[in-house]
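Presented below are the structures under discussion, each in the form of structure tokens.
Paired with chain B in one complex and with chain C in the other, chain A is shared by the two complexes that follow.
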Partner chain A sequence: MLNLIKLETNKIFKPVVISLIITTLVTLGSLINVVYKYSVPNTFEFWNISLDYISMLFPVLVVCPICWVMYYERKNNFINYTFSRVSKKRYLFSKWLVCILGSFMIIFIPMLLSGMISFLFSNNVVQPKSYEPNFYTTLFMPDFLMNHTFLYIFFHCIWDGILAMIIGTMGFVFSLYLENILVILTAPFIYFILENFIMSTFGMPKQRLLSSFYINTMTDTNALNLLVGPILAILFIFIFLMYFKISKKKIYDI
Partner chain B sequence: MKYLYKFKMTKILSKKLFFVWFVLIIFNLDNRINGSLTPLQFIVESLSNQYYIIYFMIPMFLLITISDLDEEDKYELIRSKTYWNYFKSKIYISCIYSIVFVLSQCLLIICMSVGLKGNGYHINLSQYEALQFYDGKFSNLIVPIIYIVSYMILGFIMMSLFIYTINHFFKKNTVVKIIIVTYLISFISIKINSSPLVSLLFLNTYIILHHGIIFGFSISINLLIELLFILLLCIVNKNYWNMSFDLNVEKLSINRYKKIFYDKCNINKYYTKKLFSKYNMLSIVFVLLIMCMWKFVSSNESLSLNQYIINVFSGTLIGEKNPLVILEMLVFNLMPIYLLSVFIEAESSFRTSYVNIRLKTSLRWFNSIISAAFSFLFIYTIINILVPILLGAILNLRYDASVYQLLLLIFVIKLLNLIFEFLILFSIYKISKNITVSFFSIISLNLIAMFPFKLIYYIPFGISSLYRYSFILNQYGRNYGLHLNHVIIELLTLNIIIFIYLKRTHKKLIVH
Partner chain C sequence: MEKIIELSNVNKSFSKKLILNNISLSISSGKIVGLQGDNASGKTVLLKLICGLCRPNSGEIFVEGKKIGKEVDFPHNIGIAIKDFKFPEYLTGLEILENISMIKNRITKSDIISIMNLVGLDYKDLTLYKNFSLGMKQRLNLAQAIMENQNIILLDEIFNGIDDETYCQFLNILKKLKSENRTIILTTHVRLDVYNLCDIIYKINNGSIENI
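Our next item is the complex of A and B:
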């Protein structure tokens, strides 16, 4: 099992690192863009506003470097040769494990980095006037945010990493069954966009997958909205799996 | 002969009737519980409910009649000796079926009306359109009920006979197309105030009595008109049944010209069939509907149709940084490009070398792909314009006369822009041999407009965004922006240059 995981890690190491660098550049770029444009009452707000672009792009950044492996292994029949040596379940499981770990890393590390760097700009913070209300009163767990800002960012990053894992799993499931590389690499992104517009058309903008990327769009009373988007995505994955099971598509084409 | 009738009856009486009853009950439940009508008023109101009839009853009837519309059975024809005898069985069926269809619903409504206690004096009749109409004409409401029911039955008989007649003269495909078009016309008819002659084309004129009184005749004359129509259909079937009206599409002159270009490329047909698949068209319509709905929901003003269409095609400003707006633009502009790139990936990565060997020259392959893609983009642009217009018609937005000019303009720019982006996609594909890379590079090229420089105004990616043009920006008091003529000239020249370049180097497109 460990050997399998090592093997898989070697396969996707380079593209994941490249994607990590790109993601870091995007997050840092948008952070610096925010710092010199906005005047906000807390360093946390810099970081929070700078998430706008990464929250849009993360399905692409997560899926592209990872999910091509399975497609090419199926296309050049490599996977059929593994069948006699490793059991199916183990092989696929180790692949999935590496996939979700990779997708977690791609989102987690750059976001945490930009969170750390945002503390450097505490000089640019503009203190709110006395008559203005405190910005954090409408946010999720305001006391925790004020007292342990870094821990708050850390947990935020973990949550976003979990979302990335779900999207990564979606891409992985597509790569198991579909035959068009473009569809595999872009389907999670397109799901993401369509879900975004459908939900907001039907008047549920707080339940989108996009808005569950920001923990602080929730208040203490409607924290459950955070879970709607991910659960819908998981349901979507399950429906796809069931569809492929019913239509009897095979991963191992023997 | 009896056997034939019975056989046909069992075919047509299906479970769909239960569904019709079920929806009828749900539709009238609210009026039954909360309304303060007398039983007779309730019956009149729910029998002439135009929304229920047009949006549900007529389509269900059409669906039931179409679903067992077969090619004429030779055995039945031989058995009945003459065509007229055979057609008689059809008349019999349509009579019985329309009577069952209407009377069962009428019975249900009568059952529902039992126990209504309103006395009918304290209600505001203005919210019941049909009731108001009949109340002014009759002192006793039982008379209009009889008229409504008989008019409806005759209307349905006429409709089914009409369908059987055109089924005799045309193929089933054409029949379905004709029916869909006529239904769509009547679907829109509620929203439009049309002249009496035009409203003869609408299906609902023959089914809903208070829509049918158009020439100012009395009701009995309307009934007579329907009877005359039925007689006419019968006469056509009795005397002219062996004439052939079937449009032979292949003999039309347009196709002759088409053959000159496409005769040798039968691969063309295959590609168009792949591109215009059901799945592709449905996904286009679905996404466009969602996006146009979203554009409508997100703007909270009372819009005119012109403003709504400008909103839909607004795209992005130069220097737009809001990611949601950029996403909208990308979805509108890149959806056909995405479908095309899926198509290219499927077609050109596995099969090109075989196809090229079969076709002998690669130029033919290139031409057929390009022509299929261009026609796809053409159809997409038309659908993209039609969807907001239809939505606007359903939502009853008012419009100015300048809307036609605007639409023409949008059509030209959009089509040219899409063709340009497709050609760029193709040329990047030529270099990189990887469709994913080329698609994402198209996305990133579209994102250049995020950075505000002066030169970027004429960058041809996303140039169909209306918010970049001076004639739109002038309305907001800004005197800069693109000029239409410049853009069209620019796009045309760029398209021609890239097309010639691709045609010269098309051999590199083939992936082995």
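Our next item is the complex of A and C:
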């Protein structure tokens, strides 16, 4: 299994590194922009506001460097060379594993880096004249946020990395069955946009996947809202898989 | 002699067009078997059925005693060089073989280099696959099919697009593989004299198979 993981890692290493660099540049650029344009009462806010671009773009940043591999292996029938050497389940599992790890890294590393750098701008924090001491108490785990800001950011990054893994899985599943590379690479983003629109239209903005990205916006009383977006996405992946299972579409399409 | 491949009453059709009709044959280990037939007669389909890439509409296929589709999805220890398979275009020959060999992790880089030398490819050549000539592609295809000491080797139109020198090289390789008691099934429509090397030749005609 380790050799398969190594093999798959080699395949996507360069694109993932490029995506990591782009994501880091977007995140840091956004952070610096926030630092010089906003007055915020806490370093965490610098970081949190700077997530706006990344929270919208992450489905594209995660899927593009990873999910093309499976498409090309199917397109040129290269995947058929693998079946006589390893079981289909093991091969696809190793591919999926590398896919979700890559997805996690693409979001986790730049966000954590940005979180660490935001502490360099502690001097730019401005306490408002009419400071509202209870402001942070309306957020998710406020005491933890105030007392262990870096750890809070760290767990926030892990959570967002998990969301990236779900989106990465969605892209991977699309790449197993769909025939068009453009559709494969943009479908998770389109899902993300449509889900955002539909949930907002139905008056459930807190349950969007986009809202799940900002865990601090969830108060202690509605923390379960965090799970709605990811669960809907997993459900969508599951329905998609079932559809292709029922329609008997093959991954090894001969 | 041990029967390594057995097909029993195999039928295969695509979109109601019958390609193979009630095919039964058995192949002993260590033999070279030739499959003859016109274009679209079903030679490649038969190879794909044997290696598990296609499932028959009816009938049974056993490879090394295991029923395809029941006991095993794809028979392992089988080398396949099918004409419509391609490799990643942005890699060199050595990189492609290294990538494929990593799946099983059974052979070393020096094994790969010796196989490349055997089929007439230069392992130092940095030409990308997309710039390979047809002959180089065939050499690479043959190399991956035999590099892991596969017991059964299926070669589909491996002689297309190669020059006389390469052809002689391929014949020598086939003889060497036979001497190692490996079972080979091959098809070609360009180098018919290759069938002189075969122990058994089957002809596929209108979906039926006959020993010639």
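Going forward, the second predicted complex is superposed on the first by the 247 of 254 C-alpha atoms of A that agree within 3 Å, B and C clash if a C-alpha of one lies under 4 Å from a C-alpha of the other, contacts with A are read in each partner's own complex, and residues count from 1 in each chain.
Note that in this section a contact is a pair of C-beta atoms (placed from the backbone, for glycine too) under 8 Å apart; a residue touches a chain by one contact, two chains touch by 3 or more.
Because the structure is a prediction, the values reported are computed rather than measured.
**Student:** Following superposition onto chain A, is the placement of chain B relative to chain C best described as a clash or a fit?
**Tutor:** Superposition result for chain B and chain C: fit.
**Student:** Using the superposition on chain A described above, determine whether A:222 touches chain B (first), chain C (second), both, or neither.
**Tutor:** neither
**Student:** On the A-aligned overlay, A:180 touches which partner chain: chain B = first, chain C = second, or both, or neither?
**Tutor:** first
**Student:** With the two structures laid over each other on chain A, which partner does A:201 touch: chain B (first), chain C (second), both, or neither?
**Tutor:** First partner only.
**Student:** Using the superposition on chain A described above, determine whether A:56 touches chain B (first), chain C (second), both, or neither.
**Tutor:** first
**Student:** Which angle, as a multiple of 10 degrees, do chain B and chain C span at the CA centre of chain A?
**Tutor:** 90
**Student:** If you stack the two complexes on chain A, which partner ends up touching A:78: first (chain B), second (chain C), both, or neither?
**Tutor:** second
**Student:** Tell me which partner A:91 touches in the superposition: chain B (first), chain C (second), both or neither.
**Tutor:** second
**Student:** Just chain B (first), just chain C (second), both, or neither: which does A:4 touch?
**Tutor:** A:4 sits against chain C, while chain B stays out of touch.
**Student:** Considering only C-alpha atoms, give the closest distance between chain B and chain C in the superposition, rounded to the nearest Å.
**Tutor:** Value for chain B versus chain C, nearest C-alpha atoms: 13 Å.
**Student:** Can you pull the chain A residues that chain B and chain C both touch?
**Tutor:** Shared contact residues on chain A: none.
**Student:** Enumerate the contact residues on chain B facing chain A in the complex.
**Tutor:** 287, 290-291, 293-294, 297-298, 323, 327-328, 331, 338, 341-342, 345-346, 435-436, 439-440
**Student:** So in the complex, the part of chain C that touches chain A is made up of which residues?
**Tutor:** 48, 51-54, 73-80, 82, 84-89, 99-100, 102-105, 144, 148, 150
**Student:** Which chain A residues qualify as touching chain C in the complex?
**Tutor:** The touching residues are 3-4, 6-7, 10-11, 72-73, 76-78, 80-88, 91, 252, 254.
**Student:** Would you pull the chain A residues touching chain B in the complex into a rising list?
**Tutor:** Per the touch definition, chain A meets chain B at residues 52-53, 56, 60, 64, 179-183, 185-186, 190, 193-194, 196-198, 200-201, 203.
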